[in-house]
Structure formats: C-alpha cells, structure tokens
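Each of the two complexes below includes chain A, the first together with chain B, the second together with chain C.
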Partner chain A sequence: MIWLRRALALAIVVLLWQAVVWLHVVPERYLPSPADVAVAAVAMFASAEDMRAEMLTVGRALAGFALTVPLGIALGALGALVPAFQKALRPWTELLRPLPPAAVIPISVFAIGFGIKLYLFIIAFAGVWAVYFNTVAAFSGTSDVLTRTGRAFGCDRLALTFGVVLPSAMPQIFVGIRIAATVALIGSVVTDIFGGEDGLGYLLFERAFALRIPDVFALTLLCGVNGMLFNQMVLVLRRLVIGWHDRMNAEALAA
Partner chain B sequence: MTSSPSLRGAGGDEAIQGRRRAWGPGLLRFARNDDGTRRRQGAWRPAINWWGVLSVVVVLAAWQGIARHFNTVLFPGPYETAIAMWDNAGAIFGEIGNTLRRAFTAFGLSLAIMVPFGIACGRIRPLGLIVDPILEFLVTIPPPAVIPIVMLFAGVGDVAKIAVITYGLVPNLLINTIETVRRAPPMMERVGRSLRFSRIEVMTLIDLPAAMPGIVTGMRLSVTTSLLVTITSEMLLSTNGIGAYVQRAQQSFQVSAGLAGIVAIAITGMLVNLGLRQIEERLLFWHYRTSAAEE
Partner chain C sequence: MSADVVPLRTDAARPAAPVEAPLLAVEGLRKSFGASAAIEVLAGIGFKVGAGEFVSVVGPSGCGKTTLLLTLSGLLRPDAGDVRFAGHSVRGGTPAGLAIVFQDYSRSLFPWKTNLGNVLFGMRRISGGSAAERAEQARGLLAAVGLSGFEQHYPWQVSGGMQQRVAIARGLASQSRLLLLDEPLASVDAQTRADMQDLLLGIAQRYGQTCVLVTHDVEEAVYMGDRIVVLSNRPTHVVREIVVPLPRPRDQITTRESTDFLDIRHEVLALIRRERHPEGGAGPAP
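This part shows the complex of A and B:
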C-alpha cells in the first residue's frame, strides 16, 4: 500500500515536472526534463568519480554518527546522574546549539586542520545535542515503578543504571539518534562544501558552476537517497536494540 | 496511515515538554514556586547556576591559557575575541540585523504558506496520501544541498535565500502541522459536521486551534532552523548578513573578528530561543494547563 502510494506520488511529481518543462515556464537550461535527469543519474552511478564522492560523504557521515551517538548518550547519562554536570553544561548547550555548523567550519580549520578530523568534529558538534537532551530527558523520566522494582530485586546503582534505567530510556534516546543520523549526513555534505576538496557537497557546487545542470539534479536526488538509507539504518538499529520494547508494547495492546 | 516514523517532526529538545518550572539563560534561572500556580507577584525567584558560572570561568581560563601558549593571531583567546567584538560592534550589529530581517521574513512567509497547506493535507485525505511520500523524500535532502538548484532559478539574491529557508522549514512546520491535525480528537470534527460547518470552516475553526500546539512547537524549532539555514546560505550566496561577515573575516585570516561574529550568532540564537519559549507559554497556556490537569 505504502509503495503504491509512493509510486503514485512519484508519477504525479514526474508528470508535473514534465508539464512545466513542456510549457517552457523555465528555460530548459535550468530545468532539465525528468528524462535528462534520469540519464544523468545513470551516468552518475556508472562514474567512478561520482561514486567515490558518494562513498566518501557517506563514510564520513557514518564515522561521525558512530562517534556522536555514544558521546551524546554518555554525556546525557552523566548529566542525568550528576546534576552538577548538567548545570555546568547548560550555558554551553544554550550557546552552542543554535550555532550553524557551517559557521564554525572555517574557524575549526584553523584549530584542527582539514581531513577526517574536521568532519568528525563538525558532525559531533552538530548532532550531539539532540542525543544529549533526549538522553537526559529519558533518564530523568524513568518511571518510579521500574527503579523501585529494580531496587527490590537488590540491584545496586550500577546494575540499576545499566539494567533498568538505560534500557527503559532507549526508546526516547532513539528519537535523538534519529536526528543525529540526519544531522550527520548534513554535516558531512556541509563540510564538503565549506572545508572539503571532495565528496558530494563539493561535487554539487563544482557541477553547478560548470552548468552541468542535470548532474546537479541527480546529485541532489542522491543526497535524498542517502537520507533514506540512513533513516532505514536507524530503524534497523532500533529494531535490534529495542525490538523487545516494541514487541512488549504490541503484546500489551493486544491483551 | 497513522504516521510513518520518518514523518515525525525533527528537532532538538521537543522531547522535553510539559510544564517548565524554571526558565532563563544558562547562568541565571528563574524558578517557579512549587505549588505550580502562577502568581502575579513573587512567583518567580531568581537562582544563580553556580556550577554553570564555574564551568564558564574554567573553560574561558583554559582557552585563554592555551591561546597564550600558542601566542598567534590564528588562535585568539577570549580576551582577544572580546576586543574584536568591541571593535567590530557596529558591523556585527548591522549584519545580525540583516540576518534577522531575512530569517524572519522567510519564516513569516513559510508560516503563511505551510500552516494552511499543512491543515489541508491533514484534513483532505487524498491530498495527504499523495503529499506524504513526497515529503518523506524531500526532508532527507539537506538544505545546503538544494542551494545549487535554487541558485539556478533564483540567483543569489534574497529570493534565493528565502526559498532555501522555506525549504529548510518543511520538516518542522509542515510535518508538525499535518501530524497534529491528524491526531486531533475526531469528536471535534463530528461536532463541526453536526453544526453543518463547511470544509473551510472545519479547517479554520476546528483544525487550526487544534493544531496550535504542534504549530507552535514547530514554530519554535523552525525559528532556530531558519537562523541556521539563513546563516549557511549567506555564507554561500550573500554579500551581507552575519554569515557572509564570518566567512569574509575568516577568509582574510581575521580569526578574532570571525570568532566575534560566531559569538554574536550564539548569543542571538540563545536570546531568540528564550524569547520564543516565553511566547510559547503565553500562547499555549490553555494547552499546558489542560495537559497538566491530566497528569
């Protein structure tokens, strides 16, 4: 059903797009027809250069994501368990969170140089807050019944944290993880644009300035495909880590 | 379809909802009296976040120490940054003004387009069924990645920036609106039908107020997003605005001026966030009151 609707939506978009091209509302130089873009997309998948850029962007986003999530969870757990830490971090979260990663790229280049380190830093900088805030909220929101039950079973603080609080916090932490996954891709592309010499973001602007317009459209769509892949990745991860939670909920609903 | 998971609004701290008991910038907070009522007088008592003060002092001191150690204009300390802020205050204020004007224009326009469209998508089923998968794909393309395409159609002027920002606000504004309209209690719509409301009346008199909590949450998140996207697109497309200022300063190796611009952005973002939370609580007092009563 969902696939049928997706196909229908795609058909409608392509039809509208083609209609705009036929009506010559926009010069064809700027708005290539869907067929042109499809041809460019096929060429893109065949091109070693483009695929290398894709691998680089996705690989760096993955590396950054793999760094951001444990970091965010660790900071969040520390913040929830040690109130002083949360208070000490608060002025920094409020100042740093509204900063666009693009704006800190040039300054970070001075401090840490180019290359993978820059990517890791920017992605972690942009994505860690979502994980942090959700972890703090999830830890603080653990239901009393759970912790008291845990204590009644003789858990010490360590066992309580890792055996009771963390698992029950995971569903909400995944809200943050999902945001971090999207942000990791954005961070990777943005760093390509502002501080990189390869990758999808760099290629996008190179092609745009060379006026290879169908290529630009194809690359933009590829960015979207990457986003969907990352989304799927988080869903799979979620099922692996807290599949038990969803099954339990489903059973509770069925009962 | 209830909601495909990817369609839920994305954002930083919307997870932390409900009644707030304290507000204020990181260092000074105003705590609410514990009985939860909001008295006119004396309801808020200020509390200084000493741990926050301590961490700010420690970090600034460490930063100054490291900067002193390297002793180069490429790594200014907080003192040099403060001097640069003072020296460039005029320019920075002006550019922040440009950026805010642009961000809020784009934000207002997006609001005017997306809230009605979102209500329509949530209410008119066939429209929603088609729009959902399109949005699902669209939100996966990051705003900076659409800049080249926007450049082709709209050049590098204000129109281009506003287009990029509007695009960047789709997840927060549009999707939040659609989802809250869909989640509204069906009884309200039935009441509307028995009052013989027309479709337009249902959408304006029932769906709009019912969707307000979602819309306002979306608004709060999107103001931050619009600032973010504005600055990013200014760095690529503009000759003015704080984004262009920071970019220029750093390209000419005036690191301290660039850093001063970044600090200005951070403070602006923080103030805008604080103001919005106040507005949100004012606008939605009825929502917080009822959800508090249900607790």
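This part shows the complex of A and C:
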C-alpha cells in the first residue's frame, strides 16, 4: 500500500516534469526529458567509470560513518562523565559546529593533504557533532534509578558505563547516528567536488562543465538513491541495536 | 502471646531486645542535604537486624525512608554514623549478599533485557557456573516468583506486579542474605498487594532471607514484620521498636483479625499520627 502511494507520487512528479519539457518553459538542452535521463541512467549503470565513482563515494562515506559513530559516542561519553572536558570543549564546539564541511576543506588540505585522510576528516567533522551532543544529553539524562540499580549490583564505573548507561542511552544516540549517516554521504560528495579527483561529486562537476546535462541528472538521482540506501542501513542497524525500544514504544501505543 | 514478651510498651530510650551478632547494624546515622546541610533528613538513626529477621520500617510520609534505605545499602554516604553488614561497613558500596528492591521497579528493570536477562544481571558478582547453568538458576528463580513462561518477555510486556516479581528474583539471584525492600508494593492494586505480601514472606522463608521492608503502610508493616521500627518526622530518628509476636505463617484473614494485630496496628498508627500532628490530636483519625 505504502509502496503504491510512493510510486504514484513519483509518477506525478515525472509527469509534471514531462509537461514542463513539452511546454518549453526551460530550454530543452538544460532540462532533459525524463526519457533522456532514463537513457543516461541506464548508460551510467553500465559504465565501469561511473560505477567506480559510485563505489568510491559510497565506500568513503561508509568508512567515514564507521569512524564518526564511535568517535562521537566516545567524545560524548567523556563529555558527560568528565564535566571539565565538556566545558573545555564547549567554546570549540560552538565555533566549529556551524561550519559547513566545504568551508573546512581548504585548511584541511593544508593540514592533512588529499586522499582518504581528507575524506575521513571532513566526514567525521561534519557528522560527529550530532552523535556527540546526543550522547552527552543521553548520558547526562540517564535515570538515577538505573545507575543506582547498577551500583547496587556491584557495577564499578566501567561496568556502569558500558552495561547500564550506554544501552539506556542508545535510543537517543541513534537520533545522532541517523543524522551522521546522511551527513557522511554529503561529506563524501562535497569532498569529491572540492578536494577530490574521482568519485560521484567529481564526476558530477566534470559532466556539468561538459554540458552533458542528462548525465548530470542521472548522477544527481544516484546521489539521492544513495541517501535512501544509507537511511535503510541505519534502520536495519537500529533494529539490531535498539529493536527493544521500538517494540516497547509500539506496544505502549497499542495498549 | 507469651506473658514475658511485652511488645506494646518497648521504650525507645532502651535498646531493643539484644540480637546476637546482627546481620545489619545501624548506628547514629545522620544525613543532611542542601546548601550548608540546611535540610536534616536523618538525625541519628540506629537499629539492628538479626539474621533471619523480617523488620518493617514505618514512618510518616516524607520522613526520609528512601534516604535511609539508600544509606543502608551503601548507595548514599551518611554524614555521620555507620552501617555494618555482616560485620563490615557498607561505605565502599553495596556489599555482595545485600540486595535492594527499588520502589520504582518498573524503571529499575533494564528495558533492553528480557526478564531472564534482568535476573541474570543479578548474578553478575557470582563467579562459576556455565552460561547454561546460570540460565537454569535464573529460570528457577523466575519460577519461584511465579513467572515460568515469561522468561523471554521484556519487563515492559508484563504487568506491574510481575515486574516487581522480576525485581525480587533479580535480588535473590545475587545470592543475597539481606533483602532491602523499598515500598515494593506501593503501586500495585490491593489484590495483587496481598498476594505479593504472602509471596514475599514465602520467598524470605524459602531462601533464608533477612528482610528490611520500608513502607508507609502500617498494616503491611505489622502483617509482614517480626519487629517494627517506627520513625519520627524529619529530622528522623527511631521513635520506638515494637516486637510483633504474631505466629507464622501469617494469614491475610485470620492474622489481620487477631487482637494482637489490631493492638499493634493501633499503637503504630497512634505513634505516626502523633508524629504527623505534633501539636496534639488535631489531625484526622487515621
């Protein structure tokens, strides 16, 4: 049912798009028809060069995401458990968090050069805040009853952190993880564009400068599809890690 | 009641009936909160609990029962005084062998663990035994509290009374000798409450548990206890200790109808009313 509705919504947009093309609102060489884009997309999936770019962009985003999540949780845990650390970090977090990842690329290139290091740095920089702040909030908001229970059964600080506080914080941390997943893809493509020599972002601008407009549309759509896939990945991860939480909420609603 | 026991007139100033090598010894416990210790909650509490005893602690609302319980379990450090469990101070944290069943049981169970997982958490300080053996033990404890068949349920999938029983099984799983019960039945319905009282008494007997039950329910305190420690208003001290000579096993109908039960209930209620309305007799009948 939901898929039918989504397919219908997509079909309506494609129809409107086709209508705009027929009415010549935008010159045809800048706005290709859905059919032209479909042809370009088929060619894109068949092209080894394009698929290599896709693998690179997605692979780097995944690597960056895999780095960002534990880093954000570790920093957040440190921030929540050691208030001095959080205070010392605060002016920096306030200053650095609003920076767009693209704006950080020049100084990052000077500092660490090009290549995978640059990608990992930009992706982690862009995504770590969401995980960090959610972890700090979740750790600080752990119910006294839970920590007392842990201590009453002999948990030391370490056991309490990993056995009680972290699992109870996971639902909120996942809010940050979901943002970090989207941001990882954005960071990967942006780094392709401004600091890379391959990948989807690089290819996108190369084709744009060559005025291969249907290719540009197809690559842009592919970026969107990647985003959907990442979202699905996080949902699967979520079900594995905090499936109990979603089922608890679902049952509370049903009751 | 035998003639040589004079339970109704135990003087607070006189030490309670001496207990041989008490399992829990509380001495001069003081605790204040707030800026410059403005709010004095515990003002020198002392009592003893012998091995195998069931001691009820009652007091007027807001007298710091939960503060007392947290201090007894070593989760809260007193400003002065000491709590000794089996001869050792609890200052270093809750000792093995002492289990606490929290008032807020629904939030003290881990929602990410099944009932079985929660009971297994109770065994975390117990070494030895394969995973299968430990699970078998945990299943046995769940069965003892009447929860066979609910091992794989999550706490949030079962009723409040069942959650409380999981919490009790988790306490027992730590091979506890002393159960500290913080108003464990405060939020279950009356019928469940009566059943749970009998279940707790049965469990205490079967597993050789010494129990300290903190409650605001006077009838429950009398029904469950071998002895009642009556607390004053804040700043809290012990007003009186009353021995409950009612025979065991107790019975929800006959015990509660006996003259001894009613006499002790009367005495405790009168003490608590006096604490709540110290100006004398102005308060409503309890």
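Criterion: the second predicted complex is superposed on the first by the 247 of 255 C-alpha atoms of A that agree within 3 Å, B and C clash if a C-alpha of one lies under 4 Å from a C-alpha of the other, contacts with A are read in each partner's own complex, and residues count from 1 in each chain.
One rule holds for everything that comes next: a contact is a pair of C-beta atoms (placed from the backbone, for glycine too) under 8 Å apart; a residue touches a chain by one contact, two chains touch by 3 or more.
Bear in mind that the values here come from a model prediction, so they are computed numbers and not experimental data.
Peer 1: Overlay done on chain A, so just call it for chain B and chain C: clash or fit.
Peer 2: fit
Peer 1: How many degrees apart are chain B and chain C as seen from chain A, counting from C-alpha centres and rounding to the nearest 10?
Peer 2: About 90 degrees, rounded to the nearest 10.
Peer 1: Quick check on the superposed pair: does A:213 touch chain B, chain C, both, or neither? Answer first, second, both or neither.
Peer 2: So A:213 only meets chain B here.
Peer 1: In the overlay, work out which of chain B or chain C sits against more residues of chain A.
Peer 2: Answer, by number of touched residues of chain A: B.
Peer 1: Touching A:245 in the superposition: chain B (first), chain C (second), both, neither?
Peer 2: In the superposed model, A:245 contacts chain C only, not chain B.
Peer 1: Given the touch rule stated above, what does A:201 touch, chain B (first), chain C (second), both, or neither?
Peer 2: After superposition on chain A, A:201 lies in contact with chain B alone.
Peer 1: Taking the superposition on A as described, I'd like to know which of chain B and chain C A:168 touches: first, second, both or neither.
Peer 2: Once the two structures are laid over each other on A, A:168 reaches chain C alone.
Peer 1: Kindly classify A:30 by the partners it touches after superposition: chain B alone (first), chain C alone (second), both, or neither?
Peer 2: A:30 contacts chain B only, not chain C.
Peer 1: Between chain B (first) and chain C (second), which, if any, makes contact with A:18: first, second, both or neither?
Peer 2: Neither chain B nor chain C is touched by A:18.
Peer 1: I'd like to know which partner A:87 touches here: chain B for first, chain C for second, both or neither.
Peer 2: A:87 sits against chain B, while chain C stays out of touch.
Peer 1: Between chain B and chain C, what is the shortest CA distance in the superposition, whole Å?
Peer 2: It is 12 Å, taken between the nearest C-alpha atoms.
Peer 1: Where on chain A do the contacts with chain B and the contacts with chain C coincide?
Peer 2: Overlap of chain B and chain C footprints on chain A: empty.
Peer 1: Mind listing the chain C positions that touch chain A in their complex?
Peer 2: Residue list for chain C touching chain A: 70, 73, 75, 93-94, 96, 99-100, 102, 104, 107-108, 110-112, 121-122, 124-125, 154, 156-157, 170, 174.
Peer 1: For a test of understanding, state which residues of chain A touch chain C in their complex under the given definition.
Peer 2: 143, 145-146, 148-149, 151-155, 159, 163-164, 167-168, 170, 242, 244-245, 247-248, 251-252
Peer 1: For chain B, which residues are in contact with chain A within the complex?
Peer 2: Its residues touching chain A are 1, 4-6, 10-13, 15-16, 25-27, 49-52, 54-56, 59, 74-75, 129-134, 136-146, 148-149, 151-153, 224, 227-229, 231-232, 235-236, 243, 246-247, 250-251, 255, 258-259, 261-262, 265-270, 272-273.
Peer 1: Please name which positions on chain A make contact with chain B in the complex.
Peer 2: Listed in rising order, the residues are 2, 5-6, 8-10, 12-13, 26, 30-31, 84-85, 87-100, 102-104, 106-107, 110-111, 129-130, 133-134, 136-138, 172, 175-176, 178-179, 182, 185-186, 189-190, 193-194, 200-201, 204-205, 207-208, 213, 216-217, 219-221, 223-228, 230-231, 235.
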